[in-house]
Amino acid sequence: MAVRAAVAGASGYAGGELLRLLLGHPGVEIGALTGNSNAGQRLGTLQPQLLPLADRILEPTTPEVLAGQGRRHDVVFLALPHGQSAAVAERLGPDVLVVDMGADFRLKDAGDWERFYGSPHAGTWPYGLPELPGARAALEGSKRVAVPGCYPTAVTLSLFPAYAAGLAEPEAVIVAASGTSGAGKAAKPHLLGSEVMGSMSPYGVGGLHRHTPEMIQNLGAVAGEPVTVSFTPTLAPMPRGILATCTAKAKPGVTAESVRAAYEKAFADEPFVHLLPEGQWPATASVYGSNAVQVQVAYDAAAGRIIAIGAIDNLAKGTAGGAVQSMNIALGLDETTGLTTIGVAP
Amino acid sequence: MAVRAAVAGASGYAGGELLRLLLGHPGVEIGALTGNSNAGQRLGTLQPQLLPLADRILEPTTPEVLAGQGRRHDVVFLALPHGQSAAVAERLGPDVLVVDMGADFRLKDAGDWERFYGSPHAGTWPYGLPELPGARAALEGSKRVAVPGCYPTAVTLSLFPAYAAGLAEPEAVIVAASGTSGAGKAAKPHLLGSEVMGSMSPYGVGGLHRHTPEMIQNLGAVAGEPVTVSFTPTLAPMPRGILATCTAKAKPGVTAESVRAAYEKAFADEPFVHLLPEGQWPATASVYGSNAVQVQVAYDAAAGRIIAIGAIDNLAKGTAGGAVQSMNIALGLDETTGLTTIGVAP
Amino acid sequence: MAVRAAVAGASGYAGGELLRLLLGHPGVEIGALTGNSNAGQRLGTLQPQLLPLADRILEPTTPEVLAGQGRRHDVVFLALPHGQSAAVAERLGPDVLVVDMGADFRLKDAGDWERFYGSPHAGTWPYGLPELPGARAALEGSKRVAVPGCYPTAVTLSLFPAYAAGLAEPEAVIVAASGTSGAGKAAKPHLLGSEVMGSMSPYGVGGLHRHTPEMIQNLGAVAGEPVTVSFTPTLAPMPRGILATCTAKAKPGVTAESVRAAYEKAFADEPFVHLLPEGQWPATASVYGSNAVQVQVAYDAAAGRIIAIGAIDNLAKGTAGGAVQSMNIALGLDETTGLTTIGVAP
Amino acid sequence: MAVRAAVAGASGYAGGELLRLLLGHPGVEIGALTGNSNAGQRLGTLQPQLLPLADRILEPTTPEVLAGQGRRHDVVFLALPHGQSAAVAERLGPDVLVVDMGADFRLKDAGDWERFYGSPHAGTWPYGLPELPGARAALEGSKRVAVPGCYPTAVTLSLFPAYAAGLAEPEAVIVAASGTSGAGKAAKPHLLGSEVMGSMSPYGVGGLHRHTPEMIQNLGAVAGEPVTVSFTPTLAPMPRGILATCTAKAKPGVTAESVRAAYEKAFADEPFVHLLPEGQWPATASVYGSNAVQVQVAYDAAAGRIIAIGAIDNLAKGTAGGAVQSMNIALGLDETTGLTTIGVAP
């Protein structure tokens, strides 16, 4: 019997991508769709690409609507502004699977949360990056899932094998380019097409981006020691995609062969993370609309550094696809159900 | 039991999109993949978005390979340069379904073919635009299918209801914008990213584009009288999509209501062609990667013209999706199998 | 001695482009810069491309500021929302050259104005399209100039020679693609980069766009008879540029030669409008940042239509460059001062 | 009296941009224009944005043509494939200013040249990056100039103040995004618009890019000690622009204030390099078509790194603008003649 799923924040980019994936998921039936300022509107106006749902009307984002109002929701996806998930989740009961696509339950350290988000820490839920060591076990059967941020997904998956194998010094330097959908659908002048087309620009430079502590948490856990992260995000003139260039100084004795072997081992059984053949480098276009992560790694002997580069679709594997993948695990479904490794290109 | 399909021209954009769709088609198993200059290469190098086929090696495009070499192909898709399909098709036998994604068998008039293509006319096959009156009956059980051109798909579906209902004078004026993938994967200087980004430009102006006689054929058949077509294609800075703006002078007595009624009637039972609610206009982003056609129509009383605008994905509904749709009909499968109306947006 | 110029609306796209041109104009000194919601801000924050003016502070848009507050402004450019220019212009006195980049004084017919803009008609000023027959004489020495709309600039210059030579029937069908800067800098969801990149979409279809009556006015004046215009604007994924595809049924006896001769004659002495050699078609990239208009024309004998296609930079020749060109004429300067026909490409 | 300049390689992107700048240079008259495969063609076909030169015919690239054939060239710009400049330069005589926009004379170390270019080293000319300590003196009066690479221009100008002030450890980590024009006009499949639009991808990863030794040379000279460089270039979906994110570990005792002070001092008298106000970050759109470099710098105390980010136009300051700037110095003209700090935006 199909699982019935509600989506809070159905009018945004993350919500729209999630609905696209859920429409193709054989085990999911779509329940209530909610929005805030857009409640009462046809989804066809807000998400014109979702023709099968065009006549659905957005309901307000309230615990009652999300609880199902007499008709059960088995899963509730929350794509809400940060700080709003806890209050909703509390009202949904312990038997409902709540998948939070926001930041609220990602961080373990309350101080990190407060420093970067400026509000009280709501708690920590099992972290929805199944490829991390130990993550699948924590997700199986869980009723709460914190979906990772898009940058941390790309960065962690690109770099963790180097730390897992003890090859990298604990000082990572990361520069990532993201498509504009990562900044959401709220109309801001610097996100206008006129501004972003033909332009690359950085933001949140110098450790200010909120995804930084999440990367530090992930890489440090794998490394078994604290890892510093210099993270510079840049806005690229494309709607989707993240290309993460992740480098770290190699520990003594590292060779190109030992680096490649570590990556082959880390991704050998992964359905979505794919180490490209030597000489082929990832491009975001290749993972457009897919849940795949394409990774390549090099060892620069002259500079003494490991350079790992990963490409994801920020809305798919980086948000909604990652959410579905973790939902599958939490519900005991095949992890790949409703997801694809095939990109829409060119 | 799954149908086994070969694809000739698997390294190009049409071939790549076809493979993307066939990988998601529950009734198809992928057989031989062929190329010309790329024979012997890994598909993963040429189509990095198709991870499940990354290790497949392209074979040369010969009748023997396409015939299956002892192991039967039930369907052969031809994505070849024009003029090459007939020789291959002859060798494939009458029981194999041959779906030609090239132009060779689209035109009924040998003189039109010779004038626009400069070679002898190979013949005419059932025309793979199921939405046209009478088209489905001709496709059912057929072993030969001519897939329409991308522009004629967008234009015909946008404009035929006006002619079917007798509302439009037989002089159509059409301006269409296409993404660059419509020009194929051959490296030509004017198709470089540096040239096309930030630029709109026309080509084939004044009736020179080879898709013009196909539009004339389609619209004239529906109108029951000869229709002239002024067609101006333009190249737009995007990888995919066609936006076709199609106008014709209205016949006397036409009203906004009669125009809308004609379109509602024409598309009422169509699974892929969707008349948008009044006031909403199509955008190519909304059909990215999907087989949907989004259409809107207006009557400009001051100018006395009907303006019908349609958006398609040139590689999907405009080529590979149309091919799969017609294959489904020819094989007696549900017409929508393996196809979606959901776009990948933004 | 340099002319001193004020710019009202200096924070928008038209204002920014105007300042770029005025900074390179040897006869102009830049006076007050004003804005509304942005008054008090550094120009460097709002227009980071204008380094020489980075430390200028925007003043509020008031008649006092624009009048010069004791220090004279010889020219005042108004880049204001429609309906606001008249009140300001009245206060500036008859000796100040007022160049209105808005719509307020373009239309001659008060009914047209009221129908399309919904407010009382403010009047009609000499029309700043010098290439139109008689326009230069009206501009010389004038103290008031109405700068044409961007679409009417592209369309009129592309199509008027056909009407001036009596070659075209009075029913024009026009489809134009515009870069997103034509929609201004106000943050609206449908203008987000995520929405416009990779997408073409129409708007104002069916005669609803406010530039339609301006085209009718221009073409009718040249034709000497009323001309209907079916105008469909589309939004293209590029920051700048208009490509206008303009067609009209040819009158009896028209030939390819007579069409070309008419265009050669019309543009022979024009410094900015350039008829391309036969076989070469315009591209918006070629006029990026320049005041040039690149035009090509064809006669489609089969369809019986003239197709004239023009490319401009909507912000340059389509707005700010046209304003400077008319200012030059009004002030008795060389018409080309401070303007270029050289585009920034690729 | 105007200097007469020839341009070898006038059909490419660097040559076209150089001609755009020379057309606006008051002290330069344009002499012979040469090409190889394009000799005999109209420039208007190859560079349609350069209307004033549209009827010029490309001559073959020979020493005779470049020498002026009886009519003197005072300056010869070489935009040739690497390895071809030396043979041409030898034939031009010691009194002609030869400005090499290729790589041939940039590197001091013959071993570096041979390792990265695989041919014998031709020599070393004065290096055309006037902002580097000591560079102007070497350029004044010189008859030979080696124009820097585009990436080294962006990277060196962004990072050298940190080394000049002794603030950074000698291990730089650099990730830069370039527009596609940096890859030139030769038609290659991976540079097609269909491939690059909507996609970010790296190349030359792991120290393989030929601009790496040039950066090492520049930064090492400023630092006074060997500097290793981990350089990752990426291809961005835009025609022009480089955004260089340059980081280095800070030496002990470094503070945000000391970093900012070093940058303010380094750029205080520079006409083209501009340190943005705190909080404002560069965007490539802001320097489109201009010779400006917009730089911002931050100190990330948590990661202990300095992050300097610079934006240039790769064809302007990164190639042709840099060439003109150095020509001005070599000829004793004002360094800024014919150059602008004003970008074309949006």
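As written, the chain order gives the labels A, B, C and D, with residue 1 at the start of each chain.
The rule we apply is simple: a residue touches a chain if its C-beta (ideal position, glycine included) is under 8 Å from a C-beta of that chain, and two chains touch if they have at least 3 such contacts.
According to UniProt, the chain labels map to these proteins: A, B, C, D = N-acetyl-gamma-glutamyl-phosphate reductase.
Keep in mind that this is a model prediction, so the values were computed, not measured.
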Expressed in steps between touching chains, what is the minimal separation of chain B and chain C? 1
Taking each chain's C-alpha mean as its centre, the one farthest from chain D: B
In whole angstrom, the CA-centroid distance of chain B from chain D equals 45
Distance from the CA centroid of chain C to that of chain D, rounded to the nearest Å? 35
Within chain D, the set of residues that touch 2 or more other chains is 13, 179, 181, 192, 194-195, 197-198, 237-240, 283, 285-286, 288, 346
Residues of chain A that touch chain C when the two form their complex: 13, 179-181, 183, 185-189, 191-198, 237-239
For a test of understanding, state which residues of chain B touch chain A in their complex under the given definition. 13, 16, 20, 23-24, 42, 44-45, 47-52, 181, 197-198, 239-240, 274, 276-277, 280, 283, 285-290, 292, 294, 340-346
Please give the residue numbers of chain C that touch chain B in the complex, ascending. 171, 173, 175, 177, 179, 192, 194-195, 197-203, 205-207, 228-230, 232, 234, 236-241, 243, 245, 247, 249, 281-286, 288, 296, 298-305, 307, 309, 311, 346
